[in-house]
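Shared between the two complexes below is subunit A, which pairs with subunit B and subunit C, respectively.
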Partner chain A sequence: MEKQRSEYRGTIHQRQKDMMMDWYAALDRAAGGQGPPTVSMMISGNCVELLEGFEAAPIYPEVNALQLAIRHQSLEPILAAEDIGYASDSCAYVKADMGCYIKGLTPTGGKIPTPTLILCNFVGCNTYLKWFEHVAKLTGAPLMVVDVPFMRNDEPSAADIQYVVRQLHEVVQRLEELTGRKFSYDRFQQAVACSARSEELWSQIKHLARSKPAPFDAYFDAITLMGPLYVYRARPEGVAFFEAALQELTAKRDAGQGVYDQEKFRLVIEGPPPYPHFRTFRDMFAKWKACTVASTYSTVGGLFEFGFRHDPERPFESVAMHMIAQNVTNRNYLQRYDQIRKYVEDWHADGVIIHFVKSCRLFSAGQGDMRDYFTRKLGVPTLYIESDLEDPRYFAEAQTRNRIDAYFESLEHAKTTQAMVGV
Partner chain B sequence: MDKVLERCTDLVQDIGFAQVRAWKQQHPGRAAVAYFPVYAPVEIIHAAGMLPVCVSGAGDRLDVQYADARFGSFICSIIKTTTELALTGHLDPFDAFLFSSICDSARNLCWVLKRNFPDKYHDFIHLPQNPSSGATAEFLAAEYRRVMAELGGMSGRLIRDDDIAESIALYNRSRELIRELYRVRTHTPHRLAAWESYVLVRAGNFLPVEEHIAILEQALAWLPQRSCKSRDSIRIVVEGSFCEQPPLELIRLIEEAGCYIVEDDFTLGQRWFESDVATNGDPVQALAEAYVAQSVYSSVRHDFRKPRWDGLADKIRDTQADAVLFLIAKFCEPAYFDYVPFKQTVEAMCIPHLLLEFEEKLFTFDRVRTEVETFVESLVFD
Partner chain C sequence: MRITAGVDVGSTQTKAVLLRENGDMKIIARALVDTGANVQKAADRAFRACCSDAGIDPREVGYVVGTGYGRYNISFGHSQMTEISCHAKGARFLCPGTRTVIDMGGQDAKAISVGENGEVLDFVMNDKCAAGTGRFLANAAEVMGISLDEIGPLSLQATRPVKIATVCTVFVESDILSYVAQGKKAEDILGGVHLAIAKRTLSLARRVNIEAVVTMTGGVARNTGMVKALETVLGSSIQVGADAHFMGAVGAALFAMEKLGQSFESTVWEGAHAASRRD
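This part shows the complex of A and B:
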């Protein structure tokens, strides 16, 4: 079979790279005392809009960690962290980040400042609490938590929303003390309005993948677009980026251009990617001209394709709502099953790939049950594979390739025999 | 007292939950509520007329046949054996299951069980992780009232505040007795072996609190009369076994290898509060405020006003321990993450420490015995 490689290389790809490098440059300036105040946060359910009220910049340790991994630089800091006692099986994002502090490494070679505030937005992932606590212990930076109630029911209660809103006000007060700046409600409201617009555009982009063929890969290419979503969505640059992205991808869709010359399979992928082997992993799907049409990982920073938008008329409440209910990590496991089911049905997928990552129990604990649900209950062809999102040692290339090949062979066989009997 | 200890040991090791089945027969129409470690507001369950039972895996009593297919690699044993208990019908006597925000695996377990057993009531209590906020106790009280409404719906009877206040008083008594039991162990560890204290305390995970109180009172009355000789052992604090429990044999082995376990975090939910929960005023608010302000330090609860490693340092000083044994369940992320700052703290205090990893089902104890003995010898002959 001919070797297929695929990577979306439109103008938005380069543009996002430039934007992310601009962000790192701003952090470098901040480290030198010339840039904005900085607030370290987690990706999931981040409240970047609030930071705009202080003209502060976010630091995302997860982005730093994944940048290290995709550049094949994660093992050295991971080993440095293990040297001081971190367990081999614990989250490698944390270990890579801690190792960077120990070794003085950054993904770009520039400096990353000690945050003005370490703001642990506790959104589902319990590891976040440990991670930020350890960074605070190491750096001496002040630490604050926004405790976000987990989604125990279909919708958050009034008490849940009120609890988060009150904590957000406490964050504002703390940031005023730490930065010496007065919180600008107007800027905050404008940021929330920008987010709403970025989210609308992002949602439209996601829905383009419902077309056959899909004009982009909603896992591998979506990851390209996710950086600006976290860093810039609350700013006019973010809106402009997503407008350009929508325009470019809509043109592809209208021209009937897919990711491959012929789209053979349509997939939903669950779980984060193996960043240290990103290219290799992608090529395993490219070989079969299999395009991802939807993914849960691309909803870590926000679940926007089902209608939620920030609301400038109720900025605090809508930020709270985003943190509680509108990101995949703070939603319960069965809500994730339902999300994937909707993708399979409405994005017309042939199957589901479940990627278990050793580092992330939030994503991965129970994915065997998820497979059981999709295969036995819904009859959806499902493949379960294991590796890691950060640690390059946990990737069995030949075994993973064999399993993926076998999966597509069986899907192809099923399609062929169904065509023969006229199903 | 031997019979009492034997009974408690049987309770701890009975994965058939005969005690729960018997209680249900004696109390027709009343529900048994299983809760997953580490902490649950048992007072609320008790006030609802239900039996709270802490289900923390199957120990070494069950082969995992089905649960591996649900939870895969790198997941701790307690998650798998609890799933196995459910999939093999051992948890049939329970009407409801409560989980809380202790770790990512336990949280997902709640929903996996809910899907597989849709006829049972499953709930997840969001125990807050930001005690610094002025809004936290109020939120938790609202959370408790939400759960009360659900349990009240199950039983068909409203849970009254007076009932909760009475339950709080009972559980205060139970916690007070457990604190006293630990005081005896800390000051005279030769009087009460760690495994004995462990089964006495953990029996409270299965028994009605009234019955457990009677057992603890009986044990405390018996201890001063007990004739026993002091051994030449080092005093250690055991840290890291707050959720998945080590095999009973392992706890015995550690002491036989030359240690006195003068403090530990076994079955920590039974001694969650450092002091009594208030019994005056709004009892639900009192329970919530106690969680925010009176909880013991634990790897599953984060209070940045007082780091957990300071809690461990206090514990070492208070018990005059010679060393710390980190006894951590394989794949337990909360314990393993805490191991790093704990280790740094202990080293700064010049306290020797040893890390031992366990699973519920250890097949051989020889290696562990050798490690502990070597550790003890290195201290004794230092």
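This part shows the complex of A and C:
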């Protein structure tokens, strides 16, 4: 049997690469004093719309870290961070980022500017506070924390929303002081409108994967489309990108083209991928012609497939709502269970894969119970595998392959048996 | 008459069996070799030893399924299956009624929930840690200066088993040495070691539903002390067949027989990396 691989064959993959390189080029110019003001933020619950009111660009340390990992360059900065005292089990994203500051590394070779403002949009992950405090110490850049209440209940309270809105106004005031620019409410409102449009398109793309076969892999391919969502969704070029993506993927769906010539299994994947071994990991699923139809990781930057959109009529409130309630990491575990259950049912999945990330408590704490919930309570075949999203040392290829192969063997057996007895 | 082979290339030992179907299904040969550094050679040696033992030409073997970590290195294999599927298959065949398999090998410990038809319903394995595996016991034996074959029977003589605080394969050494320094009896130390592993393994196994009948497979099943310790902690009996060590290879040979008989179609079993047979 020829080794099975899945490749995204459309034009938007290259287009997103070009867009991300343009963004890095803008950051490089900013480092040289010629580019836009920059604001360092966390992806989950980012308020990139607000930055548009200053024509400022975001810096995402997580994107820098994952870009290093996918290029097999993350170990050097991780070791550099461990040399100055970071523990082996602290967040590998943090260590890769700190190591980059220490060693002067960047994913593209271009420069990353000292941020005009380090905006710690603390969403679910308390490691971020320490991360951004250390970045502030190393760079001397000003640090501001936006305290986003965790989703304790199904909906945020009015007080929660007002609490965040008030802090966003403080951010505006601080950025006016730091950039010397007047905040443009009109540009902010236009940005929110662009985001709403991008989110609608992204949601429609996600729903295409409900078709059999799915026209794209909602984990591996979705990841390649997520960069524009974080950096460009609030800009017209972001809208244009997602329009092109929807058009291209709809054409694939209408032509009955799947990721594989014959889709055999449909999966939901929970958790970030092992970026240092991204291709190897993807091939382990491709071998079985297993297509991901939905993933929680593709909702870290926003949960849009269930209806939420930014609202230009209520721009501050909707940004606050997005930060509090509409990204997977700030939502409680029962909400994540429900999200995955809906994916299994409405996206017609055969099973769930949980990828436990050793150095990320935010994503991974509680996943053992999650496995039990899906396996025992809902009867959904669920595989639990462990490695890391950034540190290449925690990926045991033979063990991971063994578990994945065994999982698909059992799914195969179940399907064959069901077919034999006419279930 | 049809003959198939299952070759289980484990991290420590390579097991091979020949299965003959001739009205009934019978294991006609077994071979066990140390895997060593050359996985391919180990698989070849085990397979040829089986053929020689059974007095047949390797070409008479209609289908070979490889399993275990080295399964993709078996140059003469037709296809591969994971040892998880193979242990479940083998256990249902040799120990009918099996619903839970506890497999303890050189570097792996796993629990498999088995369905009515021998299918894998769920499984869990140790992750990147040799606690609860044969390696832990081998280390303990080495520190105590007692052979691996002796530690099980000796542990059964424990009257006051010590408490082993760690299940870390590396750190258990210092625990044992400290008990030796305290003058504790070897059998009590080993009794504690076996109980510690049993608790660890069953805690892993409880993540799948442990249902009777429970069957133990893998190389550690030969250790009578380990079987007893597991039964003590579990509070019920565990089946151990004479071929427990060969269970993965038996399952592989059974899959090979199904494949040979084309009892049902399954293209994935061709294996992505299956090499053509050498002979």
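Couple of notes before you dig in:
Everything below uses one rule, namely that the second predicted complex is superposed on the first by the 421 of 423 C-alpha atoms of A that agree within 3 Å, B and C clash if a C-alpha of one lies under 4 Å from a C-alpha of the other, contacts with A are read in each partner's own complex, and residues count from 1 in each chain.
Basically, a contact is a pair of C-beta atoms (placed from the backbone, for glycine too) under 8 Å apart; a residue touches a chain by one contact, two chains touch by 3 or more.
Here the structure is a predicted model, which means the values were calculated and not measured.
Superposition of the two complexes onto subunit A shows subunit B and subunit C fitting side by side, with no clash. Contacts of A:R309 after superposition: neither subunit B nor subunit C is touched. Of the two partner chains placed by the overlay, only subunit C lies in contact with A:F408; subunit B stays clear of it.
Shared-chain residue A:K95: touches no atom of subunit B or subunit C.
After overlaying the two complexes on the shared chain, residue contacts for A:K137 are found with subunit B alone; subunit C is out of touch.
When the shared chain is aligned, subunit C comes close enough to touch A:W288, but subunit B does not.
Legend: residue contacts after superposition of the two complexes on their common chain; A:R197 is shown touching neither subunit B nor subunit C.
In the superposition on chain A, contact of A:A159 is made with subunit B only, not with subunit C. The partner of subunit A that touches more of its residues, comparing subunit B with subunit C, is B.
After overlaying the two complexes on the shared chain, residue contacts for A:I84 are found with subunit B alone; subunit C is out of touch.
By the touch criterion stated above, A:A398 is placed in contact with subunit C alone, subunit B being left untouched. Least inter-chain distance for subunit B and subunit C in the combined superposition, rounded to the nearest angstrom, is 5, based on C-alpha atoms. Comparing the two complexes, residues 368, 372, 384, 386 of subunit A contact subunit B in one case and subunit C in the other. Those residues of subunit A lying in contact with subunit B across their complex are 84-87, 89-91, 94, 122, 124-127, 129-130, 133-134, 136-137, 143-147, 149-150, 152, 157, 159-160, 162-163, 166-167, 170, 332-334, 337, 356, 358, 360-362, 364-369, 372-373, 384, 386. Contacts from subunit C toward subunit A in the complex involve residues 69, 81-85, 117, 119-125, 127-128, 207, 209, 264-266, 268, 270-274. Against subunit A, in their complex, subunit B makes its touches with residues 68-75, 79, 101-105, 107-112, 114-116, 123-126, 128-130, 132-136, 138-139, 142-143, 146, 300, 302, 304, 307, 331, 333-334, 336-341, 343. Across the interface of their complex, subunit C is touched by residues 1, 3-4, 264, 287-288, 368, 371-372, 375-376, 381, 384, 386, 394, 396, 398-399, 402-403, 405-406, 408-410, 412-414, 416-417, 420 of subunit A.
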